[in-house]
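The two complexes that follow have chain A in common; it is paired with chain B in the first and with chain C in the second.
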Partner chain A sequence: MSDPQISVRGVSVRFGSHVALHDVDLDVSAGEVAVLLGRSGSGKTTLLRAVAGFTHPSEGRVYLDGRDVTLAPPHARGLGMVVQNYALFPHMRVADNVAFGLQARRRSRREIDETVPHFLEMVGMSAFAQRFPRELSGGQQQRVAIARALAIRPHVLLLDEPLSALDAPLRAEMLEELRGLHAKLPEMSIVYVTHDQTEAISLGHRIVLMRDGRIAAEGSPRSLHDEPPNRYAAEFFGQANLLPAAIEPGDAHGRLVRVCVARQVVRATRTAASPAAGNALLCIRPHDLRAAAGGGHGGDDNRLSGRVHSVRWLGATQRVMLGIDEVSIRVDLPGNVEAPRPGDPLSLSFDPERAVLLADT
Partner chain B sequence: MSAARSAGAAWRPFWLIFPLVALGVALVYPLGLMAAEAFVTPDGGHGLAGFIAVIGGGLFLGALQDTVRIALTATALCMFLGFVLAVLIHFVPFVGARALSRLIDAYLAFPSFLIALSLTFLYGNAGIFGAVGTSSGSSFLYGFWGVVLAEVSYYTPFVMRPLLAAFDTLDHAQLEVASSLGETPFGVLRRVVLPAALPSLLAGGSLCLLLTINEFGIILVMGVKDVTTLPMLIYGKAIEQFDYPGASVVALCNVALSLSLYFGYRRMLDRLPA
Partner chain C sequence: MNGLSFSAGSRRWLAALAGMLVLGVFGLPLLMLLLASVAGRWNGVLPSHLTLEHLRGALAGDERLALWHSLATGAAATAFALIQGAWGAIAARRAPARVQRWVDAVFLVPIAIPSVSIGLALLVAFSRPPLLLNGTVSFVILTHVVLITAYAYLNAKAGLARLPPHFEEMAGSLGAPPHMVLVRVTLPLLLPHLLAAAALGFALSMGELGATIMLYPPRWVTAPVEVFALTDRGLIFSGAAVSIVLLACTFAALLLLDRRRPRA
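And now, the complex of A and B:
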């Protein structure tokens, strides 16, 4: 494997007595899209700013292409950056905004005249080259901001919640465009900060889930979704149901184990994050549960039974809240089937491969 | 309802009468008297002879030249110094920056002659550094550069205040993005900060220019000998020589100069990109 394009080693950032980042390690390979995902205050933007050079680590080192840039100023790092509010220069026309970085790097007039139209065309903004930023919509401004960042041909592009100021349809459109852009520039690494898991799943080769200034979990979107390494990752990423469970004695080995959940025995999958025996959490996604035909519960056909608390129709799906003993779980049933009514008994079945066991911590 | 509204509309001109009369009595009438006085000839009649004699005289032309030179030099220095100090206060973090910003607000409330007086204690003939710039037995303070120093000392905060307000509204993400694109701190200042603050800088500078053109208190308190400005010339003609027609001619020219600067400033602001 080649050396990482970005390497963060043991980075901590303190603001007075507040520790915003705790001893974080992160590597991003060439061409990789790493998404820093987390709630507000989780440290994702601080980590991005430490890479960009706007925040100096209290401890640790930052390397770009193997070069130690920990103390290098932002203008000496050669990174492209796009921020949430676009930060276009209001006194410059679109073409001048895109040319800004090239002029800062003392590129020749000829190179600037060739490069600016190329990147404006790449983001579909050629027709707006002579407009001022105030004459553009939010989506158009974001496209210009991306073209401006790409025009300096950076090896690394940093995106700090770039779509959060856009409405939902435009956001979906821009996500597709970002994917398309990366396909055109496959060698460029992208670090993308967001609190939106849809954006994270759509774009990320790897998701780095941040919490309280630490990396809580990281992996591919599918691995984090299917086999979350811990409770926080399971809850944050996909809103999984977490049911207290006890591993049945004698099932200490093997991939599939029997567990007792609310006095009902079902089968689930053991992963690297599962405890060997005793108490655990059964993690199952709302959309992996389906209404079972007929009554009955437990046993070989992997059923859990309970009573419907509420039903909310959401269009493509309907969210059913089901009470199983003292536990309440979320179930997403297709929107086009007859909805159960509150108070009805309901049996749910699931594939044991889609239910994983986590440590109860 | 509509009858009450139309009755209110009928009374509307009445409410204009008082402010118009007050404005006429307090401002327009005295200005009219002054303008009329400017066209009184030496034999007590009316005509252009006295007017032309004053504005064609060496005293007036010298005062006009001194006034414009002092005002332009002081304004240019105020704008430069004000920009540098405002940038330092806003962008370079140091303990007490906020207190310093407040002090500038308080400084604007000081009378201008206080500065002149304090400079006299420093650089005046009997001051601590009285020998500085002395070539003919008199401190530099009583000449062109003395007036400029006093005006720059007093009027620089008038440039800094709008600049600091403009910096407060500046999107700092723009500075960071400019930096990430490879621009040096000086380049960011020149290509991002300065254009964003330009309307405020020009507004502060124009205010400075208007005030320095009409500055009187500083020059009077300093007892300047080597330069004469238009306000000093008006003072001399009216108070010392009792030449009211001559003082009125100079005052009219001073007003014309101020108004042309003001309208030039408005026009320049209109042409700036929003």
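And now, the complex of A and C:
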């Protein structure tokens, strides 16, 4: 693997007595899209700002293309950046906004005259070059902000919640455009901050899940979804059911093991994050459960049976809350099947490969 | 619902009351001044023998020169005060809170002191070598700068407080060095506040009398000093005419500044 384009080593950031980042390590390779995902206050924006140079680490180092830039000012880092409120200069026209970074780099008039239309065209804003930002919609402003960041041809593009000010349909459209842009500039690394897991899954090659100033989990969207390394990742990423379970004695080896959940024995998958024996959490996604034919349980059918507490129709799916003893499970059934009624018995079957065991911590 | 709510009738009464107060406090003195500037005689309730002679006089001779002195002093003092006030506010904004409090105090002290006292203080300070400014035009301008810089500082500070940090950060991330961020981003975004400061400073300078009268050189009589001198000699109508022309000049300058203000 090539050297990382961005390398963060042991970075901590303190604001007075508050520690916003604790000893964070992060590498981003050339062409990679790394998404920093987390709730407000998790440290994701602080980490991005430390990479951008707006926040200086209290400890640790930041490297760009192998160069130590820990104390370098933002203008010496050569990064492109787009923020949530776009921050287009309101007193400049669209073309002047896009030209700003090139002028700052003392590029020739000719180069500026060629580059600005090129990037405005790339984001579909050629017709708006002479407008002021206030004359544009939110989505248009976002496109201009991206063109402005790309015009300096950065190796790294930092995006801080760039779509959060847009409504849902426009957000989906812009996500597609961002994917398309990256396909056009495949060598460019992107670090994308968001609290929205849909954006993270859509865009990220790798998701870095942050919590309390630390990296709680990282991996590809699929690996985090299918095999979350810990309870927080499972809960945050995809709202998994986490059911108290006990690994059956004698099942200490092998990928598939039998576990007891609410006095019912089912099979589940052991991963690197699973305990060897004893108590564990059975992690299973609501959409990986399906209503089983018949009411019984056990055997090779891998079933859990219980009683329906509530049903909420959501259009494409219906969210069923099922009670099994003291345990409550969320189930997403297709919206076009007959809904069970509260109080009905219901058996759920699932593929043991889709249910993983986690440490109960 | 929170807040006060009034019936339509009550609102009309309140509006009428507010209108009468404004008219009484601001409008009536202005009207009297205007009438005095065209009065030939004023023995009754209203003036008689109306004439434009005083206004013509205000635009000629020493009066015209005094107006020019006021305009020049106002423009120069406003420019210096803007540079100094904006520079102070920009320089202090990233300083520790303790330093900012000191800078605030230094810039705002002239507001708390009567202008005549400031005039006296400057007179004492600059009337002997090596800082001998007494009797110079620069001294008048310097005095006005001292008096109005606080307003430039306050306006610039308020503008900076309202300026989202993202603009400057973004300019920096695009590769702009600090001086380019200041010239191309910060100052243009501060422009409305700087223009408001300029308008206020210019208006204050145009009307300044207390400190100026302590230290003006005979060859640099400003319009307020001229008004004072005329009325002191009993030439009330001439003084009123100079006041009206001074008011018109100030108003025209403020209009010009307002036209430069970026529209939202």
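To be clear about the criterion, the second predicted complex is superposed on the first by the 361 of 361 C-alpha atoms of A that agree within 3 Å, B and C clash if a C-alpha of one lies under 4 Å from a C-alpha of the other, contacts with A are read in each partner's own complex, and residues count from 1 in each chain.
Quick note on the criterion: contacts are C-beta pairs under 8 Å (C-beta built on N, C-alpha and C of every residue); 3 or more make two chains touch, one makes a residue touch a chain.
This one's a predicted model, so the numbers in the text were calculated from it and none came from an experiment.
Engineer: Aligned on chain A, chain B and chain C: do they clash or fit?
Structural biologist: clash
Engineer: Kindly classify A:P74 by the partners it touches after superposition: chain B alone (first), chain C alone (second), both, or neither?
Structural biologist: After superposing on A, A:P74 lies in contact with both chain B and chain C.
Engineer: Taking the superposition on A as described, I'd like to know which of chain B and chain C A:R211 touches: first, second, both or neither.
Structural biologist: The answer is neither, since A:R211 touches no partner chain.
Engineer: Counting contacts the way the document defines them, which residues of chain A are shared by the two interfaces, the one with chain B and the one with chain C?
Structural biologist: Common to the two interfaces on chain A: residues 52-54, 73-75, 77-81, 83, 85, 87, 89-91, 100-101, 104-105, 134, 148-149, 152, 158.
Engineer: Which residues of chain B touch chain A in their complex?
Structural biologist: By the definition above, chain B touches chain A via 171, 173-174, 176-185, 187, 191-192, 195-196, 273-274.
Engineer: Could you list, by residue number, the parts of chain A that touch chain C in their complex?
Structural biologist: It comes out as residues 52-54, 73-75, 77-81, 83, 85, 87, 89-91, 100-101, 104-105, 134, 148-149, 152, 158.
Engineer: Write out the stretch or stretches of chain C touching chain A in their complex.
Structural biologist: Within the complex, chain C contacts chain A at residues 164, 166-167, 169-178, 180, 184-185, 188-189, 191, 262, 264.
Engineer: In the complex, go through chain A and note every residue touching chain B.
Structural biologist: Going through chain A, the ones touching chain B are 52-54, 73-75, 77-85, 87-91, 100-101, 104-105, 132, 134, 145, 148-149, 152, 158.
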